[in-house]
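Here come two complexes built around chain A, the first alongside chain B, the second alongside chain C.
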Partner chain A sequence: MTIQFNDETFRGDYSFRNSPWAIKRFPFPFHEDSYMYSVNMEQHRGGPAGSVYEKRFDVDEHYVSEMRDRALVLAEDPLRCQSLPHMTLAGWDLLELIMVSKSEDYPDLFELHRDGDRWRWVNRPMGIDDTFTFMDETTLPYGPMEYITRQTQGDFAVLDQRDDNLWMDAGMVTTQADWSLDFDIGMNFFEWHAPVPLAHEMGIFKRALKFLMNVQQGAPARRLNWTMTVNPLLDTSPENYHKWGIQKTELTPENIGAKQHLRVELQTFYRLPRSNALVFPIRCYLIAFQDLVTVPKWGRRLHRVVRDLPEELATYKGFIANRPMMLDYLSQYDDGLPTSPGVWPDLDTEPPLQK
Partner chain B sequence: MSAAPQKTKAGAEKIEVIVSAVVPVNELVTRFEFQRPDGAPFPPFSAGAHTVVEMNDAGRTRLNPYSLMSDPADPGTYAISVRRDDQGRGGSLFLHRNVKPGDRMTLSYPVNLFPVDLRGRKHVFLAGGIGITPFLAMIAQLEKLGARWELHYACRNEALASYADVLTARHPGKVRIYYDDRKQAIPLGDLLDGQPLGTHVYVCGPKGMIEWVHRTATDHGWPEDNVHSEEFLAPQPGKPFEVRLCKSDMTIRVGENESLLEAMERCGVDAPFLCRGGACGQCETDVVEHEGEFIHRDHWLEDDQQASGTKIMPCVSRFVGPTLVLDR
Partner chain C sequence: MSKFQFPKSIASRPVYGTLAPRPGKAHLMIADAEGAEALLDLAAQDVGLMAKAHILYIPRTTGQAYTDRLRALEPAQFYVGPSFDAALPRLRRVLSDAHMGLQVYLAGTEGLMGRAAAEVAAAGIPLGAVQTEHRGSVARRMQCVHCKGITEDVTTDPFTCSHCGLNLFVRDHYSRRLAAFQAVCIDAEDPGNVPEPVELYK
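And now, the complex of A and B:
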């Protein structure tokens, strides 16, 4: 399939839009009418054709514009990309993983030609054709992690594994749900998750760490996470909170359908072969409420999830103040009918809105 | 989320291989080299990783972990070196006696429970006997990265010093060999005292040697996180015992020469596992009820967990007594 890449912005005039194709394949994160934390991991080995789970690194219509936005963020704040000295090998691992995956999964968009250590990488959508020496940093314009993640959607946390823990020792983080690589760099798994409410008491992180340390080569895993964002902003960082935080007060009953977005992260986990590090790609998908409710099942369910979410979680996810307005809007799309199990839109089998 | 529910099978991903060479190294040790049948490259691996070798020994499946000793930068070949254990349960004997070039075998993807700490300013390797194997891969990897390292290698005698000649010739000045029959011993205390700040020590060898290194390092003020070890445990034979598996709703008998994990597998229970050597934690199993004594042999459970009688690692640990009920 050839992807038509959008020319759009995630700031200023916010011209970001989801096409009908992108709406239908949106990774809706709620498999039932309520939500609570769980270590909801599964293997990352493909998924239904056309879904965001199908390829190892999903490329969609937002690719080129997202990469342009990343370049803008980095130009203003180079500390969004950091790699401690011992993580360079992991950077090469990541470069190889992405180049091999993308060239195999999207041969019409990406090509990788390897002749020993001499590699040629062609990225058609971004107009890149570079030849370099694998494992020789001097032959690339950036370090290996920065080079490849300037060309790959999603944030990347590269975690060193040692002393029975994972350490946030490298990353490219420009599309984050309000966390800072510059703040977290060098922290271990428990330290960087310290601000999350409830989950510690539930033992979630101990179990999650055990699971992640056992993610093995050739057997990647994935899960979804979600939050809410006003305006289609990729860069909701603590560094720029003074710019975007205020926008949460600009919601009105008239503009909420267009401005309020459900933000979903497709998180995947790969063991990196040469470094034994773990890479944690965090891919952000945004959808406006007004687009989401065009899928009747999702409209019904989102209303119920937002309504019944524990207060601590609505506070942590940053929408407690706007929850009443969100519920006023979403309740128009909940007719009380039961919903089918699972995350899929089920457009052909679920009834249209009955009010 | 449930985008595409799949049942996870126990163990790591597998790779089909052809035995490309069987090379006797000395009287006890043989090297086995593998290639992929289609000539495709192997997955790259990190030094210190092991692979689990699947053996079909006259209908009985044996799964033994061995350190990958080949150069991680060489994707054409995986190699292991196996010491013949005449008293063991038969895995090494099977490899030595039955495996020939051209044979097809199955390996697991590499799994690393003994990684190099890449922050280390210097790496000191302490090998005892066949414990040399992971260090061969580490040395190859660190040489490419231009890192500082040295190896101290204790062997019984010159004839059994696997790869000592190659290592000494290739890296004079970085490799020291110590022979038991010449009453030579690694001068551990002095060695530890003389290292620059930021040095990491790695030990692989017999249990006693590993304990000696950890104890001495602690005594000499080394931080625990700078001392790394790997000891593969082979399951030990023991008295047969009976186990009730409540989830599977069956009672099975663990024979003298098989592990609890192997007995479960023989009875068709898809129990989780990875290293099969008591180190990775994958096979940890809850004990529902017991009357008798555990023989815990793993490196995974904490002392208090072992003492509590609520957990067992079925890959290496056994039980003596009339009643054992597991949540499996």
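And now, the complex of A and C:
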């Protein structure tokens, strides 16, 4: 299908909206009525047609506006994109991976023409038509990682693999769930996850690291993560927390359906061929509670998950203070009926709300 | 003086040991204030060590209390400086000459050890050749995540950023590259509601 790109904002007047198409394909992260950490990795080899899992790098109706928001963030704070000197080769690997994937998966939107090292890249939605020499930084307006990730939705952490660990040595991070690339760059896998509660004790990170270090070329993996965000604010950065934190206190029973968003990260993992680095795209999807509850199964389930979430997790995810109000709202959409297993909306088989 | 036992914390927070003599072609020792005590203890374990040692010492508030005793160890090279920043050009010059087999010993405050360790790492010295021992003040070197300014020697939580003036709380999340802990606005969600500062670890 041809995507109609929205003209919308993720700040100020927050005109971001999900169309009915985007609501139906939202990556709802809960496969059952409760949530606890797990490694929850699976192969990233496509998914149902039209789902966010189908393509290697999902492009949706928010693409153009998200890229505009990224450019605003970078103009304000260039430290959101950094690459340690040894990571340039991984940047070229990433550029190649994205250009090849997008031009194959969305031939009507992106074209890549290669004549030896002479490459021509056409990005139709963004009006870009550039010719450059592959592996020659002087022929691009930015470094290779920055160039391509200014044109690709989602944050990107590029991880070097050495000493039996993964090191966050490069990244483009403007749609993060409250972590700082500038602070974390250069850290190993355990260090940058250090602030996460409970999961270390559960052995989650040891197992995840083992899995990730063994991701092979051509066999990417994926998982989902989630949190909560008030207003469709993509850039929930610690850098700007003193500016946006106050928005968390602006929820009322009247506006919570429109303002409170479930924030889901589709995290994928690709081995890069020349550098042996691992690239970790973290794609953020937002959905307002009032849109989410139009899917009866998701309304029922989200209420149960939020209600039963351990206090440490609600605190870490930053919504402990708003949880009672969220539950008041969500309980209207939980009639106590059982829910079908799995994440899909099951609109044709799940009963409508019985109250 | 008894050593402070830091409470168990998260994985990014550095942990410190006790300096022990190791075989090496050269020994680089960097200490501030009471960190001198750790070097004195180290020297007492191996009298031969100092003949191949270069000590960089920053007395800070301890004045003359340790300098004569350190000098009396007869290190091959002995430098006393007024601040880490003042010692930095010399440290970098020394590191530019470093060879395989260099052993590094860091002692004193977390700020001193952190900054020295970052320089040593940037020079390509393997982590395994670096030992640390905390002595003296438990003050922390904090980076404001908002303005990126560093506030040295923070002893309370919360504290005021010495650059942008925001009220910040002290996290244990630590960057070795920056040699600093992370500090985050404490009253973002309730402006003006700042708890009374409490001394760290009290």
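Keep this in mind: the second predicted complex is superposed on the first by the 355 of 355 C-alpha atoms of A that agree within 3 Å, B and C clash if a C-alpha of one lies under 4 Å from a C-alpha of the other, contacts with A are read in each partner's own complex, and residues count from 1 in each chain.
Here, a contact is a pair of C-beta atoms (placed from the backbone, for glycine too) under 8 Å apart; a residue touches a chain by one contact, two chains touch by 3 or more.
Here the structure is a predicted model, which is why all the values come from computation and not from measurement.
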If touched residues of chain A are counted for chain B and for chain C, the larger one: B
Which superposed partner A:Pro29 touches (first chain B, second chain C, both, neither): first
Chain B versus chain C as contact partner of A:Pro48, first or second or both or neither: first
Which of chain B and chain C A:Asn214 touches, first, second, both or neither: first
Partner chain in contact with A:Arg17 - chain B first, chain C second, else both or neither: neither
First, second, both or neither for A:Gly186, with chain B first and chain C second: second
Partner chain(s) touched by A:Gln161 [first = chain B, second = chain C, both, neither]: first
Touch list for chain C against partner chain A, complex: 10-13, 143, 145-146, 148, 166, 171-178, 182, 184-185, 188-191
Residues on chain A engaged by chain B in the complex (per definition of touch): 27, 29, 31, 40, 42-43, 45-48, 51, 53, 85-87, 89, 93, 96, 135, 160-163, 210, 214, 216-219, 222-224, 273-276, 342-343
Residues of chain B touching chain A in the complex: 1-6, 8, 12-13, 43-46, 48-49, 72, 109-112, 115, 117-119, 141, 144-145, 225, 274, 280-282
Parts of chain A lying in touch with chain C, wherever the complex brings them together: 79, 180, 182-187, 190-195, 200, 238-246, 248-249, 321
